[in-house]
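Below, each structure is written out as structure tokens.
Note that chain A is present in both complexes that follow, paired respectively with chain B and with chain C.
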Partner chain A sequence: MISQELLDLIIAAIILSAIWAQLGTFMSHKVRIVSIQSILLSLYIIVIGIWGADIELVTLGILIIILRAFLTSALLNSKLSPDQFVSRERFGDASLLSVVSIIILIFSFLAYRILFTPLGYETIGDGGFALLFQGLFLIGSRKSKFSQFLGYIEEENAIVMLGLGIISMPLVIEVSVLLDVLALLIVSTVIISDRPETQVFEEMMG
Partner chain B sequence: MIYGTYLMIIMLAIPVISVVSYFFRHFREISMGLALTTLFFTLLVFMLNSGTYSYFYLNNINRYILICVSSIYVFSVIYGTGYHRKLGESKHLRMHMSMMGLFAFTMLFSVIINNLGLMWIGIEGTTASSALLIIIEGEPADMEAAWRYIIIVSAGLSIALFSIILIYRVFGTLEITVLLSSSSQPSQILVLAALLGIIGFGTKGGIFPMHSWLPDAHGRAPSEISAMFSAVLLPIAIYAIYIIIKTINITLIYEAATLFSVITILFVALVMASQRDIKRMFAYSTMENMALILLGFVLGNMALFGSILIIMTHAFAKAGAFYSSGNLIESYRTRNMISIQNVLGEQRPMAYTLTLSTLAVSGAPPFGTFLGEFFIFSSLYSQGMGIIMAILVILLVIIFLSINYKVLKMVFSNAPPASTPKISAQQIFITGATVAISGIFAFLFMVGIL
Partner chain C sequence: MMQVFLETGIQVLGILLLSPLIAGIYENIKAKTEFRKGPPIFQLYYDLAKYLRKESIVSKDSGFIHRNAPMMVLSIMVLLAFLIPVQPGYTVFAPLADFLGGAMLFALASVLTIFGAIDNNSNFTAMGAGRSATFAALAEPTLIVVFFAVAIETGTNNPYITNADLTANSYLFLSLTHILASIAFLLFFIFETGKLPVESAGLSELSMIEEGRIYEYGGKNMFFVRYSSIIKQYLLGSLLLNVFIFPWGLQQGLIGSVIDIPIMLMKWLVLIVLMVILEQSIARIRIFKIADFLSLSFILSVLSVTLFVAGGFS
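Entry: the complex of A and B
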């Protein structure tokens, strides 16, 4: 019997990885930490899959490791400069970002408890809801396209967690979502490699 | 039933097969031929009875969207071969033509699949298959627009996926036919699911406040792709919202969707007059039309019919407007409307198509959009929302005047002869054809065919 505390510890580690991704500056480290986040998520899924003798969950966990943890990070790393200082992200006030991150985290925990009480409380759902907002914040607060895409990956991880907390979707849909995200990543790498940071164009105003 | 299923599978398979045109020297002809074949099979599907066909579902809304998708796909492929003729047989153009097939497939799949989860996957697939279509010209601004499109739409659609998870939890199924026929007690979770669905799919459908990708992507994409985005991609997202609000069927959600529609139209009325880029102006006009379609879906009955009329007329008229814009951009080498002058003297056919398509998309009689708006406003009034109707009428008049003033200024302004290069006959023909088709829907309604 696996203790619930161990599973909760994995969820806490996933949340911590999201905070780390917010504050890290070296892009290669950020890619790695989001990859670790996906591995932790798949570990959680595989453990509860084995625990509940659910082959679909085990399959989903394995697919997340292959497609999201390894293939995604390999694709993103292939577009990063080997010199980590070249692909270092420069953003404004790190202390402000960390405070905002924590406030969003607390807000999301509270919101989950208020909104989803009718469905019964699940730690994984709560963690997913927190990760969803962290991902959105990463997308909204950065100029780097790499960071924005990592935010999107976090968001997709969050949806998987929310699904586990609320109800597991049919495997065919979960797998299709994984493949969709992968296809999007392949397309995105073409665009990211051209200019790694978002820009402001006068003709795109108004 | 099996015949219908086979027809749908063939209809979906042909645009996928067109991807292999990349490997052939006559890729243009192959793409055009397969697009026409797709349209032929879509017409056969259109004639089937409503109902479920294995994994697919046909009703009296999505059959019209299917026709629009396939028709605009055909027109855009033909237009694109002329518009990008300078690219010759380059790898870029081959890839562009191939991806158009995939893009058409994902749209057709999203409309016809009888599963809300797979519909989401199809709609997300449209993002992956169409992002590269924006960047064929490879300018830095195109890259930026494509990136904004990917990241904003994908982030929004993730929210829609969350909505789908909640719906699955409550109803225990994602089969659209079952969802539409089932009933549920109003609950906090369902309200949340519906709101997330409206915001999530509304991101793709150009509904305020998640619309910010839309003017950028429409503005920077080549004209045939802007046409596909505006004419058919966005109505598909609005159709997804329709499925969600009809499934959840709570008064509060109808009110929320009405509010989103009104705010979207208000936003367009505020920004329309300040537009300088011709394609961004038409992109904002698309937002107005999508908001009206959503409003018609919410109100139901005659308003629903009004929405279908707007979908059909807008699809062809907006394609005509974007093709006309593309021709003018090619001719005048600018997107800025201040620099596009004396179109009547320089490019007479474009003066006609641009004026007529603009009148059609802005809801002028006798176009179907006018009739559609009339049905929607009648429903608003009959359902006791006369004040909202009055506000919307004022906003639509503002939008109508803003857009038509800018277009007429381009068409009739006096400027010294600039000897702009002539547009290819192929482009003129396609532009004229779409504008002509946009004019027939009101007539079809009058004679009782539609």
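Entry: the complex of A and C
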């Protein structure tokens, strides 16, 4: 029973990290928070994999740590200025965002309870469902490409969390890695768009 | 088991040997339609041999990824040669393969090429990589959704079983879902292989995408880059032919897998003629319009899935 509480605690921590990422101002901090979120998710997956003696789950957890928590974060960090005030995001009212974030969180839990719980899906699904909306809100409420990309990573985490309770494991692993490769493609776009050579877009016109 | 190994070997060797010939025939027919003599159909073999003999020279500013990306990309393409159903007999890796894995490997090859182009610190290749990354981010989702479409219509995500299902059940082939997915994949194929109206690479224009990324490569690295590009074209074209447009005609068994090589050549000739007619009929679109082109492809793929779910299957 304690073990289930531990798992629920990890899910709660993942959702809290999503709200924290929503309110953060410094980009380097936000990248770190989303990285922590990915580590928490992989920790959850590895723990249930070890308890259930399921090598596929452990593999998925390790892949998430390597690809999402470290590789993608390292690539993003390499493009951020060492001075955190330079890569600081300016956005609207933080208090308003926090209230909207929490309303979305409550709405997502209620929607999951009404729509999916009667179908008998596992509890990790409600965490994934809530994270899905938090990620969407992060993408929608920001103009910075870094924030939007972090929202994409949150979406990836949400899809894995939802998938754990619904579809077969090999497909979850495959989809997870596929989304990480797509994330690298998007990261390359972010990296290139920061190079001064490609900022004169008139030169690219045919 | 031995037969599976032999069939796999024939398929992979067929892809590796036939792909430059297909690209050479394409260039030759295209030149003929422009009233030029054109290069011989074996020209790409000569070119590849020439690149292989030459020494690789790289800029001192280039990094590890730039130096090694061509080899990694070629390895991915060779791996894909084991997974794509160029012939109906299952290869050694066929049970491990599915559409998502294939899409992932194509995307990975694309990512590596882009990082390789960025890593040599050349402005020109960075420009090519920038364009490529921008458009690839729009193209890859199309590939995934198109694969979802064929997966849900046949109930499997393994391309070999999909090919067998489509061959056996004509009604699947004629469904609106499949037709829309086929058009979406054709548009994706045109983009990925750098054909008009997206790109006219042969003229080295300012709007180049694919060619822009590989400007800094030479010698053996150029061999890897060119060969992987040729194999990629062959694989995507074979997928277009065998899963989407014309899945019939392939033979089973060991002898069948040998006969499949000239059959694929014939299928490819039809596709080449179609592509050349398309290329000669339309002008190149402006570079920023490529996003619209890819959006159309994506919308068609989403529509094909939506129609299936909504009951527009028949």
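Heads up, the rule we're going with is that the second predicted complex is superposed on the first by the 166 of 206 C-alpha atoms of A that agree within 3 Å, B and C clash if a C-alpha of one lies under 4 Å from a C-alpha of the other, contacts with A are read in each partner's own complex, and residues count from 1 in each chain.
Everything that follows uses one rule, which is that a residue touches a chain if its C-beta (ideal position, glycine included) is under 8 Å from a C-beta of that chain, and two chains touch if they have at least 3 such contacts.
Only a predicted model underlies this, so the values are computations on that prediction, with no experimental measurement involved.
Asks: Return first, second, both or neither, reflecting whether A:53 touches chain B, chain C, both chains, or no partner chain.
Replies: neither
Asks: In the overlay, answer first, second, both or neither for which of chain B and chain C A:173 touches.
Replies: First partner only.
Asks: Scan A:163 for contacts with chain B and chain C and give back first, second, both or neither.
Replies: A:163 contacts chain B only, not chain C.
Asks: By residue count, is chain A touched more by chain B or by chain C?
Replies: More residues of chain A are touched by B.
Asks: A:188 in the overlay: touching chain B, chain C, both, or neither? Say first, second, both or neither.
Replies: A:188 sits against chain B and chain C alike.
Asks: Considering each complex separately, which residues of chain A are in contact with chain B in the first and with chain C in the second?
Replies: Comparing the two interfaces on chain A, one with chain B and one with chain C, the shared residues are 177, 184, 186, 188, 191-192, 195, 198, 203-204, 206.
Asks: Using the touch definition from the top, list the residues of chain A that touch chain B in their complex.
Replies: Per the touch definition, chain A meets chain B at residues 115-116, 118-119, 132, 135-136, 139, 145, 148-149, 151-152, 155-156, 158-159, 162-163, 166-167, 169-170, 172-173, 176-177, 180, 183-184, 186-188, 190-192, 194-195, 198-199, 201, 203-204, 206.
Asks: Within their complex, state which residues of chain A touch chain C.
Replies: 171, 174-175, 177-178, 181-182, 184-186, 188-189, 191-193, 195, 197-198, 203-206
Asks: Considering only the defined contacts, which chain C positions touch chain A in the complex?
Replies: Per the stated touch rule, the residues are 98, 100-101, 103-104, 107-108, 110-111, 114-115, 118, 123, 126-127, 129-131, 133-134, 136-137, 140-141, 144, 205-207, 284, 286-288.
Asks: Looking at the complex, which residues from chain B come into contact with chain A?
Replies: So the residues of chain B in touch with chain A come to 115, 117-118, 121, 124-125, 127-128, 131-132, 135, 140-141, 143-148, 150-151, 154-155, 158, 161-162, 164-166, 168-169, 174, 187-189, 192, 215-216, 219-220, 271, 274-277, 280, 335.
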